[in-house]
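Here come two complexes built around chain A, the first alongside chain B, the second alongside chain C.
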Partner chain A sequence: MSRNGLLRGGLFFASLISFPFLTTSQWLTNMFIFTLMYVALSSSWNLVGGYAGYPSLGHAAFFGFGAYFTAIVFQNSVGNGWPPFIFLPVVGIVAALLSIPIGYVAMKTRADVFAIVTITVLFMAQSLAFNLHAVTGGAQGKGVAVPPFDSSTYGRPFYFAMLALVALAMGSSMYFRQSKIGLSLSAIRSDEDKAHGVGVQVTKVKVVAFALSVGLTAMVGGIWAYYEGFVYPQFAVDPLITIGMVLMTFLGGRATLWGPVLGAFILVPAQQYLSYQLGANQFYLLAYAGIFLVTMLILPRGILPTISDKLRLKKKQKEALA
Partner chain B sequence: MHLVVQALILGTLTGGVYALMASGQTLIFGIMKVINLAQGAYVVLGAYLTMSLFQWTHIDPFLLILLTTPILFFVGAATQWFLLRPLRPADATELSLLVTFAVALGLEGLMSVMYKTTLRSIQPGYENHSWTIAGYQVNEVRFYAFLLSIAMLVILYLILQKTKFGRAIRATVQNPMSAQLLGVNSNLVSAFGFGLGVATSAAAGAVFGLITPFNPGSHYDLISRLLTVVILGGLGSIGGSVIAAMVMGVGAALVSALSAPVWSDFTFFAVLIIVLLVRPRGMFGAKVRGAL
Partner chain C sequence: MSALLRVENIVKKFGGITAVNSCSFEVEKGSITALIGPNGSGKTTAFNIITGYLKADSGTIEFDGKKITKPTPASLYRAGLSRTFQQARIFPELTVLENLVISSSFDWKQLLGMRVSAKDRIRAMTTLEEFKLDKLHDLRAGDLSYGQRKLLEFASVLMSNPKLVLLDEPTAGVNPVMIETMEKHIRDRNKAGVTFLVVEHDMQLVMRLCNPVIVLDHGAKIAQGAPEEIQSNPQVLEAYLGS
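Up next, the complex of A and B:
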């Protein structure tokens, strides 16, 4: 890792860590919690959707799984003195294990059909959340016990929990970029048959990346459930969450470390502002679709790769002139 | 036994409607190698269009199909021309799927703004009529819908097999490069083919609106079923998707009759998983590189 990169990462996390001590504004903290949530989500999505080029449309199913898991486990136990975030690793590991057979079946196919399988997983998860009344409470939703946090800084623990997941997701992303698994994934992305031919363990690598990505997503869902205090099937297993992850990754630049971060920092505040201004959920959909289409037509590779290409070109021109 | 036969009748009739929706989907995949995630949204759009026109003109919904089909044809052709054609070839395969997903969202948003999210249905007055034949109920609308689906499939078949345009489409499906070398304008063929595929959702939408209440979010239900149907039938094979649609229609109706309607959705999912595990190319699909 370059010195510049280290500096950038250090600055990014230092400013995020100091942020809650600079302001106690409720709405600002709230907005940052959601921004960090999407930074973590899109960075996790990027592990499979970006590096491997397998566009999963089903990540929201695992987000919902994490949310329900937390809601159910903590139904009665918070009052008994359990620290609220102690179960998160379990949520992540269970979701990752659960995703292995799903990933194995889905990854037998190529990108297009993979998208189909994962989107079907999402609908099935939604249907289960609505219909397994005994477990999920059906359409009435499920309450999560209120954690014993100080009310004046209520959001702070959630903020730091999200930040920890951001670090975990970005750390995985960075690890992917520097290790054999990342190389294998980008080989798969360019030409899977050739990658297989030169001895990349295609299936294993894909399934591992999927499990890691999905496990992180479920953990984010777990914190979200806590923060919201109530889990409804239509919000916990929501296609919009999937779309948010995909859109932010594409906007910032997929298969990059900072792309998903940039995408989330642009879109989440914009989304919060829009929902405040317009109030209606339906306009969101139009705005999302519009930004999505414009991104894909004008910036098909995302903001960061486009900029870095331009910079590299300029540098080359300068060198040629000198 | 009575229950099973009744479910068979219902399933066959519903399967015909799925066949119509899936044939458009398959056609689009065959020509452009794009899985159109917006097909369900086009069907719902077709349903809303029919509903609005029916409320406005009071012309029978089945006749209105003559009007809505060209509209949806142009919507489809425009989607291809303005949103899919400009993609750079290098990213086209990866991005086109997501573009159609964005189109689906956009249509859902547009319809939610225009019609709100309450459930609607098309009610020409005879939507609940049914005949009783040997003790079995045959719903009138579903029967007409079945006939209509067959008629549309025959028309589609004739267009593809007997016209020059159909020949250009089939040539593009078989080998886009040689088709282009022989003077087929592949951009036009793609736009027309996409339009034709989307146009089938006019009839499908009218029928869908007659047999079930719908709202803008209904396209999610439709698309997950349609995708199962086209994968079971084999991507790119229209005949395969028709047979798969009948199989799934009957299967889902049987599950729904023998257990509970909720589980009929899971029938689709289970079939999808089994197909992918056992025979990923579906019943009749050729092996398409890059798709499976």
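Up next, the complex of A and C:
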């Protein structure tokens, strides 16, 4: 990692760690929890949607899986404090293992077909959540016992848990950039048949990226369920979560470390603001569509790649002049 | 001399059209063998079958003394059979150096290692120097010119230390200087022990560089021999010029 990169990362995490100690404002903490949630989600999505170039629309299924898993395990425990957080790695690992056969089959298709196959996974998960009454409680949902955290700093544990997942997702992203797995994924995104032809372990690498990506997503779902205290199928397995992850990554820049972070930091506050301004309805979705269209038109590769392309061009011109 | 590659009676039909019709030939170890024929004679289809990109309807392929039962491009590549494509398929989003590293056929244990390790770097740079592409190593491969891409593709398939390299029209669409460069590299590598099978339309190059020359027509071998023999073979003239 370069010195600048270390500095940037250090500054980013230092300010996020100190944030809860600077304010006790509940709405601000709440908004930051959701921002970090989407930073973690879109950074995880980026592992497979960005680096491998496989635009999964099914990630919300695994988010919901993590949410229900946590809710079901901890539904009755009275006064549960930290155990749901400690349990998260189990949620992640089980989701990752579960995703291996799904990824293996789905990744036999590519691009738009892959998107459609994965969106089917999402709707299957949603109808399972609605209809498996015995397990999920159906439309009535599933409650998690409220933790005995101090009400003035209630959000803090959730905030830090989300931050830890942000670190984990960004760490994975970093690792992908600097390892042969990442090089293999870039080759797959560039030309998968050729990559296969030169002996790249295409299937293995793709499925590993998918499993890691959805494992992280499921862990985020677990924290979310605990924070919300109640899991309903329409919110836990919500296409809007998938779309949020995808949109934020596209906006900031696919296959970059900071792109998904930037995208989440722009869109989550914007979404909160819009839904506040437009009332508690889903009009903000129109703004979503607008942002998506404008992004695709003006910045087809996202904010960060466009900027770095411009800088590269400038540097080249300077070198040519010198 | 023994045959490095033996193709026997391969047949490939696309619908009602027989692209390769009971085709048999051999490539001797250490040779630069040419595969020529009029357009549509089945050269590229034969190439794709040999390299595992297409599945033959019937027939057998033997490479390096072993019969290949389930050919996939990946397994053949690891066994030492690499190819280039007519359209110079490189990875445009990777750098020139990374293009070589990714093609060096590492195993899964190395997947966790560095993207480009010091060892990879040295090896790739040596090859890039040989191809005079070393100054461009940091450039995105997509920014290269067409001729440079062809060189890069050639250089990168050598990274797996292949025994046999199949070149699909290595000089199509590149300038005369680049043709000479390409020819020199093929000769150099051939001296170093690599066998070549070349599909090429530039007959002057074929006659200069290759021996033997195999001629396909309508999906079957019609002639094989030294360049001079082929040039005066009536059947070959018939195939190229006749109706």
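Note that the second predicted complex is superposed on the first by the 315 of 322 C-alpha atoms of A that agree within 3 Å, B and C clash if a C-alpha of one lies under 4 Å from a C-alpha of the other, contacts with A are read in each partner's own complex, and residues count from 1 in each chain.
Here is the rule we use: a contact is a pair of C-beta atoms (placed from the backbone, for glycine too) under 8 Å apart; a residue touches a chain by one contact, two chains touch by 3 or more.
All figures in this text were calculated on a predicted structure; none of them were measured in a lab.
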Touching A:Gly197, do we find chain B (first), chain C (second), both, or neither? second
According to the stated criteria, A:Leu183 is in contact with first (chain B), second (chain C), both, or neither; which is it? second
Touch check for A:Ile116: first (chain B), second (chain C), both, or neither? first
For A:Leu6, select first, second, both or neither according to whether it touches chain B, chain C, the two together, or no partner. neither
Which partner chains sit in contact with A:Tyr284 here, chain B, chain C, both or neither? Use first/second/both/neither. first
For A:Ile17, decide between first (touching chain B), second (touching chain C), both and neither. neither
Give one of first, second, both or neither to describe whether A:Leu293 is in contact with chain B, with chain C, with both, or with none. first
Partner, of chain C and chain B, that touches more residues belonging to chain A: B
Footprint overlap on chain A, where chain B in one structure and chain C in the other make contact: none
Residue ranges of chain A in contact with chain C within the complex: 177-184, 186-187, 189-191, 193-202, 204-205
Seen from chain C, its contact residues with chain A in the complex are 51, 53, 72-74, 77-78, 82-83, 85, 89-94, 98, 101-103, 105-106, 108, 110-116, 156-157, 160
Please name which positions on chain A make contact with chain B in the complex. 53, 55, 57, 105-106, 108-113, 115-117, 119-120, 123-124, 127, 131, 239, 243, 246, 250, 280-290, 292-293, 296-297, 300-301
Given the complex, residues on chain B that touch chain A span 35, 37, 83, 86-88, 91, 93-95, 97-99, 101-103, 105-106, 108-110, 112-113, 117, 220-221, 223-224, 227-228, 231, 235, 262, 265-266, 268-269, 272-273, 276-277, 280, 290-292
